[in-house]
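Dropping the structures in below, format is structure tokens.
Each of the next two complexes has chain A plus one more chain, namely chain B in the first and chain C in the second.
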Partner chain A sequence: MGEKGESSKSAMLKHAEEEELNTKRLKTVEGEESNMVEETENIKLKTSDEIIFEVEPSIVKEMVTIQTFIEDNNNETSIPIPLPNVTSNTLRRILEFKARGFDEEFVKTLGMDEVFELILAANYLNMKTLLDILTKIIADFIKNKSVEFVRKFFNIVNDFTPEEEAKIREENAWAFEGFECDD
Partner chain B sequence: MEEEAGIYRLAEDSLRQIFCRLPLREIMICRSVSKFFLQLLSTPSFLQVLSSSHPPLQLLALRNRHHTPSHTSLPLFDPATKSWLHFPLDFLPFHSPLPVASSLGLLYLWAHNNSNSNSKSLICCNPLTRTFRVLPHLGSAWSRHGSVLVDSEDRVMVLTELAALYCHRNTSTWLKFSSNLPSKPRSSLLINDSAFALCDVGSPWRSQWKLFSCTIKSTTTSVVPVWSPLDRHEWGDVFDVLNRPRLVRGGHGNFILMVGGLKSSFALNAPCSTILVLRLDLDNLRWDEAARMPPEMFRAFRESTKFKVFGGAGDMVCFSAKRIGKLALWDRRASEGHEWRWIDNLPENGKGLYRGFVFEGRLNAVP
Partner chain C sequence: MGCCCDEDDGDIFRHLMNSNFPSSSSTSATTTTTSSCTVISPMNSYFSALSSTDILRLIFDNLPIPDLARASCVCRLWNSVASQRDMVTRAFVAPWKLNDVVGNPLSGSFWRDNSLAKFAVSHHITRGDTVASLAVKYSVQVMDIKRLNNMMSDHGIYSRERLLIPISNPDILINRTCFIELDVYAKREVAVLYPNDLPDRRTAYVSNRISSEESNKKVLESLKRSMHVDNETAQYYWSVANGDPRAAFAQFSADLKWDWQAGHS
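The block that comes next holds the complex of A and B.
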């Protein structure tokens, strides 16, 4: 129990440290182009709702889709790169998540729809590390849970007839047998 | 209008990535969530991905005289969860299925063509995916007297003392050849394209075991396979140190395990001090010791004059003797110190002698 206290204290410290780092590293400019000139030139990304973000090249490197686009265009980075499939909210969350060192607890504070948006964006931007972490978090949520729980969790409607569902359970009896879920 | 669940908007690849992280059984269970999931979690390419990310289920097919398995479902024991899993066999249009062997996720069984006839077919199936294939026709004498040996790439041999049948992949007929063995083959195994067996070449008073092998180079009748003794001078008296040696397939790779009671002396009927598992590396033909049964376990076997041993894939060997009420299991891949354990969740308290084999449940095995 003491351990739990320690880890939340160190998490808070870590959080405070990172907030400080955030203000230095995370540069977002909303609604207008910036005149700031940094040593390593930031890359401009324009989200689907027309907001321009300036993102560090090291972060853009993780977005393989964008990185490939830049390299294919002779490293031309003066024009903002459009992200038609990513909203400003989502991009902001991704950058925040990254700045917090991919802290899983952060994801747990978000709603399920927002998490799905993150996955969609991570898939579109081809950010493997982010995708791996997000899919792991979701898998952890549904591990050892019943079919009913999975349906409720994802808001899925059961479109099987009782006979159809019984047939699937019967054919895969070996998987259903003795499965004790903890929900 | 009802809004579609958010999860359906995710790319199928992302969805599969989520479910791939679950244990195999939970993935199967999630097939019943909705029609979309049934489809998503059943595609051949998904099953292929699963098979590389998840180790196969290591299950034991057990049977004994007291416990006749049902004719419609196959009970397999999962030592990991100490529970029985039941695999329905109703997808087979045959009667009275009798499983006899397995290799790489495929189960081989004899079954009656219909309830009235005595004619049997040899069938290859995957009970997880409920698919099957009937092997080329063979006469009923083979089902009565033949041992079915199987290995990877659908190699099948049916062996008797006098003759053998062999087929490989999808050949439509069997290659038949005479066995030139000196006596009845025991513990025969098929590893790749070579068959192995122990024969007793001694006298009625004293057994003398010898290892024989036979390589099937081609399935055409022009090259007749021949059995010959497999021996090396440096092996010394490796076959004499064990009482009633039996062969068991040695996990993945080119190994044979030989199991028997370790005789305390070379005298006739010398008592055994433990049960020994030796391993033969077929690449360099060298023997070494793989394991020996711990004394506390052997105590239960000491009273029995004989025990049954079986195994198969994954370096698992099972030991059964009458009146013990449980099976001893040696699992080479278990964590250190836990290689030997008891299996005691058996029906009717494990009365009698069990025989069987190890079955690996694999979703990507295609009959």
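The block that comes next holds the complex of A and C.
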């Protein structure tokens, strides 16, 4: 969101080279073939902060938005594909997550801000598996929690009028009877 | 980083303010925010993700019914998403892997409980059926059948067109479609399973369709008069004839003839 914008952008530009190196290291982690870079024609993705990632086609296939784009353009993969809605940090996280086989525990180590950025990116890229896992994790945060906890946790403002809220609470009173939240 | 200036998000809020809560909130607009507006704050870090109804739906898809109900109390947007019929249906059928629930319950309280007791199989009564035979057929207890259908005795079975049979094995619900009915005997709304998922539309035992019950009453009365029999007998013949008055009368005459020929009259 807005508050992360400018300062992180410059920080990322500063560490651009290091990030490229990390990306290559990641590819080595998940595909033992370190010289696949040249042979299988990795697909270039350019994040919103102008960093170019080279990603294996098998991973890009999971990004249905990108995959569709490629197919609609006669499989033209020499030009980097722009991802205006995805930062390099986020894309790196996605690749890292994938490399770890979508380990849920890994997600739980991330901050909420980052989890939601992942969700937005996964939604934009149309990565179903990733989105299902992430939304399930969020749902787990909501289960058995009180309404107040959920609002605080997700920074949601209660925009009901007092009358509306009373009415809704009454309609759903049954869901609060004997409800012991584990906030 | 997400786009906080999406036009879509603006539309969502305009739609919410107009449709769900038409009354203006002019004087009571005070909430816990510093600004006086009553929408999800753009300063909220999670604004974009949580204001996307698509993403909210995906999140809510994982919630069981009580959590879904509580989610609808969080804010207007969550309320609009969590109370959608397909979200509620999904939460209702999820534990049983049902295909669908069809029909509109008379009261929203129907959706609160999706325990196995909410479901029943519709068994159309045919000759030779007894409560005991049905209990064996469906692997349930006689008491449970009687309780569900409010039967005082075992013999009232022939005054009914069908019995609701409680469900012993939840596996039979998998991939099926059930129909919401207010059964007049059970006196509550039940999610009913029909053979081949085809509900029997010509029924007198379902009171959602009040007007058809009244016309059925008229038919029964005329049967009673023409056959010179009591209520129970008329209802019995009507049920074994599947609601067809002419067939009921024909069956009755045939029975009479059989009685006479066998020297019983």
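We adopt the following convention: the second predicted complex is superposed on the first by the 144 of 183 C-alpha atoms of A that agree within 3 Å, B and C clash if a C-alpha of one lies under 4 Å from a C-alpha of the other, contacts with A are read in each partner's own complex, and residues count from 1 in each chain.
Here is the rule we go by: contacts are C-beta pairs under 8 Å (C-beta built on N, C-alpha and C of every residue); 3 or more make two chains touch, one makes a residue touch a chain.
Computed from a predicted model, the values in this text were never measured in an experiment.
**Q** Sharing chain A, do chain B and chain C clash or fit in the superposition?
**A** Taken together on chain A, chain C would clash with chain B, as the superposition shows.
**Q** Identify the partner contact of A:139: answer first if only chain B is touched, second if only chain C is, both if each is, neither if none is.
**A** A:139: touches chain B and chain C.
**Q** Applying the touch criterion given at the start, work out whether A:64 contacts chain B, chain C, both or neither, answering first, second, both or neither.
**A** neither
**Q** According to the stated criteria, A:150 is in contact with first (chain B), second (chain C), both, or neither; which is it?
**A** both
**Q** For A:170, select first, second, both or neither according to whether it touches chain B, chain C, the two together, or no partner.
**A** After superposition on chain A, A:170 lies in contact with chain B alone.
**Q** In the superposed arrangement, does chain B or chain C reach more residues of chain A?
**A** Between chain B and chain C, C touches the greater number of residues in chain A.
**Q** Could you tell me if A:161 is touching chain B, chain C, both of them or neither one (first, second, both, neither)?
**A** A:161: touches chain C, not chain B.
**Q** What is the contact status of A:85 with respect to chain B (first) and chain C (second): first, second, both, or neither?
**A** Only chain C; A:85 stays clear of chain B.
**Q** With chain A superposed, which of the segments 111-119, 309-317 or 345-353 in chain B collides sterically with chain C?
**A** 309-317
**Q** What is the shared patch of chain A, the residues that chain B and chain C both contact?
**A** Chain A residues touching both partners: 112-113, 116, 119-120, 123, 131-132, 135-136, 138-139, 142-144, 147, 150-151, 154-160, 165, 168-169, 171-172, 174-176, 179.
**Q** So in the complex, which bits of chain C are touching chain A?
**A** Listed in rising order, the residues of chain C that touch chain A are 1-4, 21, 23, 25, 28-29, 31-33, 38-41, 44-50, 52, 54-55, 58-67, 69-76, 78-79, 108-109, 112.
**Q** If you look only at chain B, which of its residues touch chain A in the complex?
**A** Answer in residue numbers: 2, 5-7, 9-11, 13-14, 17-19, 21-26, 28-35, 37-38, 73, 76, 81, 83-88, 127-128, 130, 361.
**Q** Inside the complex, what are the residues of chain A that reach chain B?
**A** That would be residues 112-113, 116, 119-120, 123, 131-132, 135-136, 138-139, 142-144, 147, 150-151, 154-160, 165, 168-179 of chain A.
**Q** Note which residues of chain A are touching chain C in the complex, please.
**A** Going by the criterion above, the answer is residues 1-5, 48, 85, 87, 112-113, 116-117, 119-120, 123, 131-132, 135-136, 138-140, 142-147, 150-151, 154-165, 168-169, 171-172, 174-176, 179.
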